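Read through the structures below before going on.
In the two complexes below, subunit A is the common chain; its partner is subunit B in one and subunit C in the other.
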Partner chain A sequence: MPDTFETKKQEKTVVTDVPREAGVDLRLPAVVPAVPYPIETLVPQVNQQTPAVGQRVTRPDGRMHGLGQTKYIDDMSFPGMLHAKIKRAGIASARIVRIDTSAAEAMPGVMAVVTGRDIPVNSFGPSYQDQPVLADERVFHAGDGVAAVAALTEQIALDALEKVKVEYEPLPAVFDPVEALQESSHKVHGTDTNVYAKKTIRKGDVERGFAQADHVFENRFSTQMVEHVSLEPHAAIADWDANGRVTIWCTIGRITLARGDMARTLKHPMSRIRMVGTVVGGNFGGKNEITQEPVLALLSKKTGRPVKGVYSRGEEFTSTTTRHPIIMDYKTGVTKDGKIIARKVRLVLDGGAYCSWSETTLGKAAILSAGPYNIENLDVEAYVVYTNKTMTGAMRGFGAPQVCFAYESHMDDIAKALGIDPLEIRLRNAFGEGSASPTGQVLHSVVVKESLLKAAERFGWKEGRS
Partner chain B sequence: MKRRGRGIACMWYPIGFTVAANPSAATVKVNEDGTATVLTGTVETGQGALTVLSQIAAEELGIAMDDIHIVSGDTDVAPMDTGAIASRTTYVTGNAIRLAAEKAKLILFDVAAPVLGVKPSQLEARDRKIQVKNYPQRCLGIGEVAHRAQVVMGEPAIGSASWNPPTVAMDPETGQGKPFSTYVYATQVAEVDVDDETGEVEVLRIVAAHDCGTAINPMLVEGQIEGGISMGIGFALQEEMLFDKDGRHVNPNLTNYIMPTSLDMPEIEVDIVPSFDPTGPFGAKGVGEPTAVPTAAAILNAVHDAVGVRITSLPATAEKVLAAIKAKREGATKKLTAV
Partner chain C sequence: MTDVVLRVNGRERKASVPPETTLLQLLREHLGLTGSKLGCDVGDCGACTVIVDGKAVNSCLMLAGQVDGREVLTIEGLATRDRLHPIQRAFEERASLQCGFCGPGSIMSAKALLDENLDPTPQEIRDALAGNLCRCTGYTKMIEAIQDAARELRTEKSARTAP
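And now, the complex of A and B:
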């Protein structure tokens, strides 16, 4: 074994003197402060130990983060690189009558402009391909992109967006998921119904369960739309070379899927697409799909230069996926000693303008909605509907934090009404090894009771109030 | 005055995709000095996945974490991976890497066996050695074996493998089926102070007991739990995207979209529940997403315990909690719904 890490003390100084012209946009490669660091003291011995599993080893990337040396996309630059910006519709539902890009294209420093009509196949999505890369005929939510500009600087690109003239014909819209369920509501995608996916789970006979119950509890819970708010926004650089091979450095956490989406939208063979997933500054489910990457690729193809795009914080909110608001109706039948014998759940997920990861979220929310409890009679129906709002998609927990808020709030209400301790009522109902899940799956390595007892013990639950 | 309350919430959460195939593939190359390079198509998105995956490869090869270099996130060089989603990286990509490392290891065993005068099945890889089981003194350095494999035998120790969690499709009418290969479980207990004059909720302490199967790296598990709790607090009390009547987002900035900062973080106590899943790499499952799941429920149950109001719509902002307290004081008999 070479003793790589027993090297003598090394002093390394990072170059800080990056020349910068006055007035140039501050989005230059990050200037790293001089950090003379002795490498040997930074290598804890635990990383050298075997067996490796179970060790509290430090992350190699943690050292780079700590020293400010991680290269995120915004720290990367290539010779001749252009900066791209996307014009957002700002109107939630409309038909695009015309887009005039001539004034923008005539601006000095503007190198290329693309619109939705330039995208070879203008649709993508993991379940249904209902999302355009840039809106072409219709706008489905206010954060939709309608045109993109590549320019010498970010500021010129932003100025050029102002000169892109878009004429809209406003259309009716629907924003409330319950309203969207109604027959008379505006149909976001012109289909018969705004419901685009449904999930049902049925087990036993829920009505008989309610009839046998000593008490029946009902409540409605709802949650809001939230954003992932990763520290690093969505960012990418595309470089289309003279052989037609395009390389994309991107913040996407799923480059295999992203390459498939790029191949589809650009109508380009996979062998000519290289996706490089850089160190990502936070994902939480928000960076699982392509966003601006096909646009940057086309701008690079048009200009023959690398093109970088970095979303603003505003675009992070309005133009990327968010967490589903869910309206949750719970009805639960219990015996007088707190055993749940029947539960009926109705979920309505606000899917926003496009499907994205809604189908997955719907499935997980429906399956998990009964909680980690043995319930013989169960009836769950869950729907996800289109509205003219920012699309909802994957976010840490896929519907689980929403339904957990509902089933656990409901559980405490039941416990209080029956005069049972909240810990005790959970232990009475919780899954054990070999329990059957709501989908009839026999569960293994189940430790929900152990986790309840461990948390309660650590908290001092039984000792009473502090 | 400030009133103190406590609340408990437990949860279950699946690992991997719902029914749909979500495979990962990996390649492990043992270098001639006994260090190794791992190729994976997943991307490090800040959670420490590459560190955990390195530990899995190291464990299988009997070497240390620092002996592994991991190459990731490049479709030109790495095999496919369904990616950093659905809390699947440790479980699915981890299994693929473990299998790939095992294949490379079996080549080393084939090479070492005749030298040590035993059958390959009698060998194990531990502490940077290929050794005879139960006779650790009969051994060869892993570097020596890897060098011999490549330079003398012409059989470089390289393994590739893929893994996909087994599932069974759900019945469209009843939902019956096996949508996931495995699940994790967790409980969080929150202690809060609620100011009954302002409605403000302060989270004082959260105790979190999470199951992740074997904790490949307990420090990273703790990090995930602390991060998940911060998201859970924002979801419970502060964050909300608001739209005007025309569907335009009115708070698309961090001035008006309030999220927790380090000053809002409570004291967090983490327990890892002992558990072993035979289907995971070295018994591991996953921990990424579930950490954010029970936090809001525990906090809202603590608010109910403190001031006796049930907030049914999130986020439980100070205005909403105060309105509920006032309504309760006024002896309103109607059921409190969204305020």
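And now, the complex of A and C:
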């Protein structure tokens, strides 16, 4: 079987090495690699090494990227296309008293202005539909959009934003997630509590475990808000045609979900909405739901022209989702030889102004918060709360990196206090074949210990410490 | 309006643009060369890197008026009719680019480096790429690719200069 693979590989290499002449500059080499017939499918047998291991592969999109020929959204344009910009609130919590767009609309080159009241159904979100497309009555965080302008050039659109006058009545706000948990705190969305999702995991009897433990360790860990900073900013082009068909070119990773959100927010049949997912210049979880797309669609409907919107780097930080800051309280009971017998975890996730993917993140953070360790008695409670800050959502790992930082730091503290080698204490507690996760999932192909030992051997763990 | 006459990728180009137009906007919007990317618009990310008179610059920080009479090389000017530039080929073979958005800028920084120094140390390559951010974090493979390309360019050069 490996022989076949070699043959295929060679044919491809020949083409790569000698790009043939194509008609036009910069479009070369437009030669498709030859396909050997009959097409052979390589199916590795169970428990056998796949022949792909050890082979050099290139990416199918690598050549276009390297030539600068990949068309990202901002590289596309259509005849008559307009440029849209969104005015940001700049105030974390307020009531919008009035918005005056007349001066902006009167500007030469400005083709249309929309505000939150123009959005047919002004709410969306993957778990709870708590996020407005543009703020209409209330502003929940400083990055909320309040009005959008479509103009002949980006510069005119930016100038017009200055002329949109918004009158705010400032309201109380809450920025600290622990403070937001308290009963007396400001309620971001006016509900009884700022907690909008909770996850509990209980196993064994954690109090009895602490009573039996030789030592009990407690510590608080916290992480900060992180933005994905994909190099390509959020961008989209909307084209609403005269038959009521809307085409959206967008960078969204989940376009089917986005199509549903578009249908909901625009109150438009899904069959009349076409989403075109283009090459994405980095997502990392930050482009998993709609942002400005309904606004662009409405601006296109109003003007009858395609409308492009590209976020500025500043908007990326203030107005798109970020990674959850989490405040993590750990309490762990261990025997004198370093075996963990009880662990209590309290997580408070700062959800920002809207839910976005918080519920998913909360679940994963809670399940993984005990770490890859066998713990008889476990008690995890995790909350995600609203604050008047930029919303937090999906980002690579969905809450896993934050809790990993906490439980591994905690593990090092315990090892140091007990005078046990940090590697050794992990080997004593780590999952093995057939271990069950905190939620009872029986795990197979578990190689935590083997991986740790191999890594320790490779980078000279023992040698480095002696 | 500002009138500019410049050489882009070896050809003379003329444009009449608003005075606030940056070199990046001139290339992307007026000359149709969208290979250089806009990532941050403040000179942090390097996605807009092009070569002006032999030096790598952030084209988002340079005004179109400043390149009047100068020579600009963009990513579109690297590949010839017959072949990819060795840096482009090495980037492809090493799979150095993931989402690809930083690619044109990184390749132009590498080109500016190799034009001056055909045998850079890994540290010199790192320094040359210091202004190019990659959020997919593929720096290692870029450095390997630039080493490959340097090797190939050295071979080509010695073949050319051999009697």
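Just so we're on the same page, the second predicted complex is superposed on the first by the 408 of 466 C-alpha atoms of A that agree within 3 Å, B and C clash if a C-alpha of one lies under 4 Å from a C-alpha of the other, contacts with A are read in each partner's own complex, and residues count from 1 in each chain.
Everything that follows uses one rule, which is that contacts are C-beta pairs under 8 Å (C-beta built on N, C-alpha and C of every residue); 3 or more make two chains touch, one makes a residue touch a chain.
Because the structure is predicted, anything quoted here is derived from the model rather than measured.
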### Task
State whether A:Ala147 touches subunit B only (first), subunit C only (second), both chains, or neither.
neither
### Task
For A:Met111, select first, second, both or neither according to whether it touches subunit B, subunit C, the two together, or no partner.
neither
### Broader residue contact with subunit A after superposition on the shared chain, subunit B or subunit C
B
### Message
For A:Arg313, using the defined touch cut-off, is the partner it touches subunit B, subunit C, both, or neither? Pick first, second, both or neither.
### Response
both
### Query
Touching A:Ile340, do we find subunit B (first), subunit C (second), both, or neither?
neither
### Message
Applying the document's definition of touch, where does A:Val280 land relative to subunit B and subunit C: first, second, both, or neither?
### Response
both
### Task
Mind working out whether A:Pro233 is in touch with subunit B, subunit C, both or neither, as first, second, both or neither?
second
### Message
Once chain A of both complexes is superposed, is A:Ile99 in touch with subunit B (first), subunit C (second), both, or neither?
### Response
neither
### Query
Once the shared chain is lined up, is A:Met64 touching subunit B (first), subunit C (second), both, or neither of them?
second
### Task
Under the contact definition given at the top, report the residues of subunit A touching subunit B in one complex and subunit C in the other.
56-59, 61-62, 229, 279-284, 313
### Task
In the complex, go through subunit C and note every residue touching subunit A.
18, 20, 28, 34-42, 44-45, 47, 74-76, 78-79, 81-84, 88-89, 91-93, 95-104, 107, 133-136
## Note on the structure
subunit A contacts subunit B in the complex at 1-2, 4-5, 43, 47-62, 90-93, 141-143, 173, 175, 199-203, 219-227, 229, 252-257, 259, 273-285, 287-288, 313-314, 316-318, 322-323, 360, 363-364, 366-368, 371-372, 380, 388-390, 394, 396-398, 400-401, 404-405, 407-409, 412-413, 422-423, 426, 430-431, 437-441, 443-448, 450-452, 454-456, 458-459, 461, 465-466
### Task
Sort out for me which residues of subunit A touch subunit C in the complex.
16, 19, 21, 25-26, 28-29, 56-59, 61-72, 74-75, 155, 228-233, 279-284, 310, 312-313
